[in-house]
């Protein structure tokens, strides 16, 4: 074991264990409550609106690296492109990373196949633009003006393009849902989007939409981590005030 | 064959993810070496994937021209600059004076100007968002305006206290709330990643 | 009147844009010399460099790009100049595809001041990979840069790994700060200072409070503060008045929108009480 | 006209072409946009090719045999161009996704979770600010508890604490927006400085 990693490793094992236990429990059909998340309830509304108006849906991950945000967003893309396939509404996906481009091609294609609409899949609508932020932005400005999407879904690791894309989407009257775990970009989504998924709300999106045991398991493991940290922080700082640093010492083991 | 098609990608993901994650905690040399190699491989593969991305861009614009889509003439512009600059950079190198000249006098100003459009967009976004329609929006508005005044000299000239209040907002409520959001998001990222590392995530690559 | 109030709640964006242009341009011709307050984050960065021993080894990792250069370039120049004054040995490390051109300029600046390439400073080649690159540097710096041959640079040969560095400067407007903290600071505990765009200050600040970063220089005003502290004539300071005025305009539109909103709302409420007309 | 002056004029044209979009989409912007996307993709491809050469091929030839894995994976990615064998490209993709997940997990767990707990748990509650700081962290984190609803035990209580967290987040978001406007304005200042100083020579 590397130095100072023991307690963290124990946490990781516990996290995985809770994960596993709740995957099993949910699979056995035990009730799994989950609180409402407005931004995710709005996904159907967004696709429906595009269908009514005969406009495409635009989906983007932002320009960040392929990280947890992207993996979480894949779940949403899979769901939304399935809905689009069923409703005969076009979905335009724009990408900034080569590997994410390839993954999204697979996901959108699979969603169309699963919806029984393999023939309607348009490869040219899953587009690689550039991993250069400003080039990506300028291309999206153009796409918004010329193809006029009726909904703009921005879920992933966003950087400064968050402000620009959401304001440009606002100008063409698109219904907008923004969500990212990159905390710093959330205020921009809050300012310019109709719905915002704040931080962790994006990561539970897959579970919220799909309610599959696997994804529910992750939610319980995350909640376990949150409860644990709430207790550790509260108890730790009270003890620290009394001059006892045992919690911190334990965590640094 | 079915295994190779739909399960192998997932198992390779499990191996890759588990090795990289465990190498953070455990010290055996083999694990450390593998983790290092996997990291190097991914960097190289990312370079391959990016280059392929340029190919995708080329294909889409070639199709636009072929199908004579709206304003397809501009696709010629894109293809001209794409191919021309690749040829220049690959055969004459990035240090060729013409390559640098284009970078300094076209690429850089274009990029900086596109980015600066953010300034205009944020001013209209704030104009709309900072309106006290309800209590939450009012809280957003007050915090925003105080910080705006605290950040510039002119606010300091109106009332020196703005800078102090801004410092407090940034260091206490802002920093604490951001920490809370970050910690929750970190657990979310961990949950999503574990789904891949434990091989439970079959949706994305298993289709067809 | 009602018509006017409604219009004040929906000012055409082109009008807002035009005024932004004007209020930013005017102070450039007529500077007003508004006061500048030095923040503790900038002071801490200055102190961290000031505390370096003569000839210290510094890694300057930069993700500077055209989009961020307006803020990061004045900061970087001030910091590199300060490091030159301390006779530091600098390893420039461009970590974004657009960054090598910026490193070229810092090298030219050092060469012009009489420092010797390969001995006093070097520039590493750019590599794709983002976070993977930071992990690789943290794991084994030399094998992360296998393409540099032994004997190519005297400075590079004298380095074994990240533990040899006295300071890590991370410059960028995005994710690099977290990578530096997560994969290098966490492992080697060498002092880190970071040059950032003002936008990301709010997320980077907690790392300063938890002392993972020794200092932060943020935005154009951070650059202006650093210039004042280090005593270099200002590239950044000249833009500060324009910022102030631009700010005032944005605040003005916000106030206008809210006042119009409340008058309209009060009017509607009064009508509702009156029983309608 | 010498090349340097021509360069300044090209840069000025590029700047104005992009700003023309603020008024509305137009052919000049379209030209600039397409040229830029082309140049950017080319720049990245040039970097990518350079990386493949000096990161994989040259060290491999020089004897670092393990890089063979990356080269094989890269060739597998190329199968995307051929519909009948494109499934092969999923194999390296699966690997990349796994490694990405591993990296994301390791960063999340230490620097963004564990270290933050340590920093908060070690904080002495001896000033009002510190007490407030702790309370805010706890309330915000409570907002992100998901596995409950109104019928769950304590469901209502958790929700109420979460609402407090929501208000504090609004303060944080407002503050971030306010702090950002200035940063964004500096971007225009830099462009205007270029136009007035280098192009029109109105400033000295």
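For reference, chains read A, B, C and D in written order, and residue numbers begin at 1 within each chain.
In this text, a contact is a pair of C-beta atoms (placed from the backbone, for glycine too) under 8 Å apart; a residue touches a chain by one contact, two chains touch by 3 or more.
Just so we're clear, the structure is a prediction, and the values are computed from it rather than from any experiment.
Here the chain pair with the top count of touching C-beta pairs is B-D.
With centres set at the average Cα position, the gap from chain A to chain D is 14 Å.
Centre-to-centre spacing of chain A and chain C amounts to 28 Å, using the average Cα coordinate of each chain. For this pair, chain B with chain D, the centres built from the Cα atoms lie 3 Å apart.
Within chain D, contacts with two or more other chains are made by residues 18, 21-22, 30, 32-33, 36-37, 39-41, 43-44, 47-48, 51, 55, 77, 80, 90, 93, 96-97, 99-101, 103-106, 108-110, 112-113, 116-117, 120, 134, 137-138, 141, 143-144, 169, 172-177, 179-182, 184-185, 187-188, 190-191. Shown for chain B are the residues in touch with two or more other chains, namely 24, 39-40, 42-43, 45-54, 57, 71, 94, 103-104, 107-112, 114-120, 122-124, 126, 128-130, 140-141, 144-145, 148, 151-152, 170-171, 174-175, 178-179, 181-185, 187, 189-190, 192-194, 196, 204-205, 208.
Each of residues 8, 12, 65, 67-68, 71, 99, 102-103, 106, 129-135, 138, 141, 146, 160, 163, 183-184, 186, 188, 190-191, 198-200, 204, 219, 222, 225-226, 229 in chain A touches at least two other chains.
Taken as a graph of touching chains, this assembly is fully connected, with contact between every pair of chains. Against chain A, in their complex, chain B makes its touches with residues 24-27, 45-46, 48-54, 56-57, 59-60, 63, 70-71, 110-112, 114-115, 117-118, 121-122, 124-126, 128-129, 140, 178, 181-185, 187-196, 198, 200-201, 203-205, 207-208.
Per the touch definition, chain A reaches chain B in the complex via residues 1-2, 5, 8-9, 12, 15-16, 19, 23, 67-69, 71-72, 74-75, 78, 95, 97-99, 101-103, 106-107, 109-110, 113-114, 124, 127-135, 137-138, 141, 146, 160, 163-164, 166-168, 170, 181, 183, 186, 188, 190-192, 198-200, 202-204, 206, 214-215, 218-219, 221-222, 225-226, 229. Residues 18, 21, 25, 29-30, 32-33, 36-37, 39-41, 43-44, 77, 80, 89-90, 93, 96-97, 100-101, 103-105, 108-110, 113-114, 117-118, 120-126, 130, 134, 137-138, 141-149, 151-152, 155, 159, 169, 172-174, 176-177, 180, 184 of chain D are the ones touching chain A in the complex. For chain C in complex with chain A, the residues that touch the partner chain are 13, 65-67, 97-98, 130-131, 173-175, 197, 199-200, 202-203. By the touch criterion stated above, chain A contacts chain D in their complex at residues 7-8, 11-12, 32-37, 65-68, 70-71, 99, 102-103, 106, 129-132, 134-135, 138-139, 141-142, 145-146, 163, 184, 186-188, 190-191, 198-201, 204, 219-220, 222-223, 225-227, 229-230, 232-238, 240-241, 245, 247-248, 251-252.
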